[in-house]
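Order as written gives the chain letters A, B, C and D; numbering starts at 1 within each chain.
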Amino acid sequence: MDIRTMQLGIVGLGRMGVGIVRRIVKDGHTAVGFDLNTSATEALQEDGMVAAYSLKEFVAALEKPRTAWVMVPAGATGAVIDELATEMDPGDIIIDGGNGHYHQDISRASQLDAQGIHYLDIGTSGGVFGEKRGYCLMIGGDTEPVARLTPLFESIAPGFSAAQRSPSLHGTPSTAENGYLHCGPAGAGHFVKMIHNGIEYGAMAAFAEGLNIIYRANIGLEQADTTYSAEVTPIENPEHYRYEFDNTQISELWRRGSVITSWLLDLAASELHTSPTLDDFAGRVSDSGEGRWALAAAIDEGVPAPVLASALFSRFSSRGESEFADKVLSAMRRAMGGHDEIIQ
Amino acid sequence: MDIRTMQLGIVGLGRMGVGIVRRIVKDGHTAVGFDLNTSATEALQEDGMVAAYSLKEFVAALEKPRTAWVMVPAGATGAVIDELATEMDPGDIIIDGGNGHYHQDISRASQLDAQGIHYLDIGTSGGVFGEKRGYCLMIGGDTEPVARLTPLFESIAPGFSAAQRSPSLHGTPSTAENGYLHCGPAGAGHFVKMIHNGIEYGAMAAFAEGLNIIYRANIGLEQADTTYSAEVTPIENPEHYRYEFDNTQISELWRRGSVITSWLLDLAASELHTSPTLDDFAGRVSDSGEGRWALAAAIDEGVPAPVLASALFSRFSSRGESEFADKVLSAMRRAMGGHDEIIQ
Amino acid sequence: MDIRTMQLGIVGLGRMGVGIVRRIVKDGHTAVGFDLNTSATEALQEDGMVAAYSLKEFVAALEKPRTAWVMVPAGATGAVIDELATEMDPGDIIIDGGNGHYHQDISRASQLDAQGIHYLDIGTSGGVFGEKRGYCLMIGGDTEPVARLTPLFESIAPGFSAAQRSPSLHGTPSTAENGYLHCGPAGAGHFVKMIHNGIEYGAMAAFAEGLNIIYRANIGLEQADTTYSAEVTPIENPEHYRYEFDNTQISELWRRGSVITSWLLDLAASELHTSPTLDDFAGRVSDSGEGRWALAAAIDEGVPAPVLASALFSRFSSRGESEFADKVLSAMRRAMGGHDEIIQ
Amino acid sequence: MDIRTMQLGIVGLGRMGVGIVRRIVKDGHTAVGFDLNTSATEALQEDGMVAAYSLKEFVAALEKPRTAWVMVPAGATGAVIDELATEMDPGDIIIDGGNGHYHQDISRASQLDAQGIHYLDIGTSGGVFGEKRGYCLMIGGDTEPVARLTPLFESIAPGFSAAQRSPSLHGTPSTAENGYLHCGPAGAGHFVKMIHNGIEYGAMAAFAEGLNIIYRANIGLEQADTTYSAEVTPIENPEHYRYEFDNTQISELWRRGSVITSWLLDLAASELHTSPTLDDFAGRVSDSGEGRWALAAAIDEGVPAPVLASALFSRFSSRGESEFADKVLSAMRRAMGGHDEIIQ
């Protein structure tokens, strides 16, 4: 393990920026930080971070060769990097640690390369728990700057002890076993992060569907009235659906010894303990881009991704985006058979 | 073509029962009809149908060997057939012309066979237009009773001229070319009808999805505000989605010369002409059983049916049945990243 | 109906180019044609087409204001249009009648507009049958050039009589009822064609899945051996799957009176008549772009398109593109439960 | 925690039966075992298990009230339970610990109840690792016999320490936190296990699809030849797909700190370490029933389960079950546009 101490500049001190600063400072590295939100910047001074109050000041506070990790919302990243690039020098490194699209990384890296500035795209996973657990780092870019920053990655990533060693591995742990990996050239980090999020969408949807089937296993209790109607399928075997399951206890149960133990399940159980019927939520599920990009990549490559697509489309539907399609179906049904819609 | 005239008894004088009566009477056959709704029965007397006012009376009015075509809602079919069976004699034929499950046909045929009564399951397609266009008949059961009823099938089915002949066919048209087919033993008729409806679900959904993508091709006009948010993906290329398409004219257009000309498209265009925005509909789409059974058959056989499944699930979702699943997703997102739901 | 006769230049005399030439010449219009394949060009001289043997000669043979309809493979279209643009003059019209991407139309139209040349994108459906049936024309571009070419569209499109009139329509038929439609500005024609093809994919897959379930309805006959294995699910109710259906007759049957009558069904029946087991085919299904673009549009718009996605992915899978994914599943199964793969 | 020692009889000493015997014996309980495979029975005598060599002997060796845990392949379970029932007495307990269908549990429990024998269905998850990690127990049946067996469940299940406590929980752990749960009446255990396996299918497929997209991210390197063909979509942006990713290292990486850490990922990484290209596998993925039943339950309940369906259908496709459907598509394409299949 590389134990040199280094300096890291961070633009963007939101949840994840703060976590990164605290993890490196704790290991003896130094940090320079800037955020438009001055109070966020000031708060971290207590942790030993050097505070900057403009991008110019931020660059000036860094020792050459500089490293600037940009951790701002994806929509703002381009402008920040452009401005940094005007202030920085050949040999410096700019990192996009946000959820950028890897297409942009490819062009950005090429532009900055013309100035002699290194560009790394680092997909960073860990969410609100990353400060404590460490962040999984998926890194794209040239070899030299990646190697240069190894001591920082060692501090930011979860480290070897975060998981039990894979049975067939021996000897010195790989960087992947420490929680960071140089995945390939420009864009490779965000590509791998994009797929990671696509898998996340699919696995989340698997849990959501399963819990929903359990939730509705009481349907045989409800349907006392089995009067036939041409518009609604009566349940054929109500005696098979007379369960009143406790999804909260079931989610908790699966956390131990089952095949589907996972961090996502931990989260689901935790939320259900807080609110068993999830009444706080309307069920309008956002998507923040990576799932779409991952599906678009599958299409470009010509490889099937039905689970990913289904997971994404469920989110779209949850926001009402299938409404016109549904109306078309109802209209066709009426035209065909005189079927009216059932409005309950 | 078999031109003998025959007698047919019909129980259930709803839309389709009426159409069948009228088509056979027009061809010189005789009809005996019964319906719980007396006025429906009386109305058809003007068409020459013999009216019965009880099942007993209905059976008594039929000449042996009798043929009783049951055309009542699926939930009522079992009771009607049971009662008919007690009144009828060996050599008689009972037909289920409704949307019964083929599993039931298999057991029903076996029970009636023990009494010497023939049982036919006839999947009948045509909807509200069948009286004029003729009904497509998918027939299951033993060979002898099917052959016996050929003259009736000739009158009920659309006939050879209903479609242009398939290019490679010559000589005497098959019964399929006349619009009816003995598909196989008990259950075969409803099996084929079930798959027919499954295909219908899939094709309907294909149109609904396509028209929805056209409907939302204006999204680049709406999103003037592209402010970044971690919760919503901003549209990347709004200039690609600035169309204000006319789905009504487009549906009409496709009816001529396109690869997707079809009766379902005719219906969609017709409905859109009446109501271009389909505001009459809430978009809660019913499903009446066959789609579910078709998917269950695919699962039993171990063959993939992703389009059929997607079409069915879209209907379930349109009725709000994914709500708990969606809430689970929102809950997991909050737990993971502190993401709040966007309620617009 | 506009009965002026006009001149049309056509680059690309493949199946569809030939059909267009013949349809307009038959109506008294004149045609100038060019194709790299000289024999295709010569053959059409017999139909009255003026033959050109270079693009320069082609442009020279057209009267101003010229109209050049480009009907070449999508990969070659750009180069042809670029060369035409250098030869043509303000007020001339260039048409892309192939399966171009509407994104390209938007930029191409804008470039040609700077030269004063009109650009139309015309999605053209009809396949090998179009010469006889007429071509469904989905047109994007400015209003003036579209209006100018009306007499040609009247000849190329199928015309009013190609379908029964939608019930609620009266009076002078719209252009859509004649089989052509000005769908909107640049790209609109190819957008609508793209969605048309997406719907086609979905509807085709619906038929393919349904026929496959029918095909495998014999599974209860096969599985005499129901010995249990932890690796394979034994069929639970073999008595439900003992049918030996005739998919050829069933497809033919559905062509008359059923809800799923359609041109796609006509094609399926026609092919099955020729080869009931389809042994000529390996089942490696190509896709030519529009389905992918339609799905990408759905993703951009944030609208669900599960049927379209399923249809596209089935094609990818048919070409072996899920192989690595499948191996991952087998590997996980072995790791989890010691399950070996069943190689039959 | 209930620390009484008890006696358990086990029929079926395969992987999981052995694990259960060893876990209870280690905690001071006593075990009686029977398996048709005599050597399996003998081997466990060294662990202190009492060996029986017939079901009669097995029942005789148990003290009343007896508990017989049946852990045999699902196809054999019915016969074993029937035979046990003839030998056992009122107050005894029979457990099906295998992957039975919950429909059967409902009827079996009712039959045994008439004899005064208790029936429990216990979904048991843990695979080959269960002996060491403990088994997650999903229990269905009446309250008294479940309560009676608590000491055994405590030994078989993983226990409280197997997972970090959910943040909002305090005080005495629930049984779910110890890894076992009385889920509800007869069938409830296997219902919950069935859904568990359905979720497993979905999550596995999410990983498989994601790794496949990464695997094919090199497609831009391959396609040097971009010659246009009407049959194959050329890749539009080859520069976006020129990565040579290392799926093994990426899977290992995600095990630490990422949002998708899970036992399934541990398994995938472990297998990839052993064989990075997974050449041992043909990619024919079995399914053992629960996934089908879970999907059938979703259909019965009318709730959407697109991810589960996609995951199941991918397995069907991997075994060649879409072949006829694919041929139908190729046939339609040829009929429509003269497109030939591309055989590579």
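Note that in this section contacts are C-beta pairs under 8 Å (C-beta built on N, C-alpha and C of every residue); 3 or more make two chains touch, one makes a residue touch a chain.
In this text, all values refer to a predicted model and were calculated from it rather than measured experimentally.
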- Hey, which chain ends up farthest from chain D, C-alpha centres compared? C
- Of A-C and B-C, whichever chain pair has more C-beta contact pairs: B-C
- Roughly how far is chain A from chain B, going centre to centre by Cα mean, in whole Å? 44
- Query: Taking each chain's centre as its mean C-alpha position, how far apart are chain A and chain C in Å?
  - Reply: 38
- Just curious, how far off is chain C from chain B if you go by their C-alpha centres, in Å? 28
- Interface hub residues of chain A, defined as touching at least two other chains: 127, 205, 207, 209, 211-212, 216, 233, 259, 264, 270, 287, 292, 300-306, 309-310, 313-314, 317, 321-322, 325, 336
- Message: Quick check on the complex: what are the chain C residues that touch chain D?
- Response: 15, 73-76, 127-128, 204-205, 207-209, 211-212, 215-216, 226-234, 264, 267-268, 270-272, 275, 278, 280-289, 292, 306, 310, 314-315, 317-318, 321-339, 341-344
- Along chain B, where are the residues that touch chain D in the complex? 259, 287, 292, 295-296, 299-306, 309-310, 312-314, 316-317, 319, 321-322, 325, 336
- Query: Any idea which chain C residues touch chain B in the complex?
  - Reply: 102-103, 106, 125-127, 130, 133-136, 138, 157-160, 162-164, 166-169, 174, 176-181, 183-185, 187-188, 191-192, 195-203, 205-207, 209-214, 216-217, 219, 233, 235-237, 239-241, 243-246, 249-250, 252-266, 269-270, 273-274, 294, 297-298, 300-311, 313-314
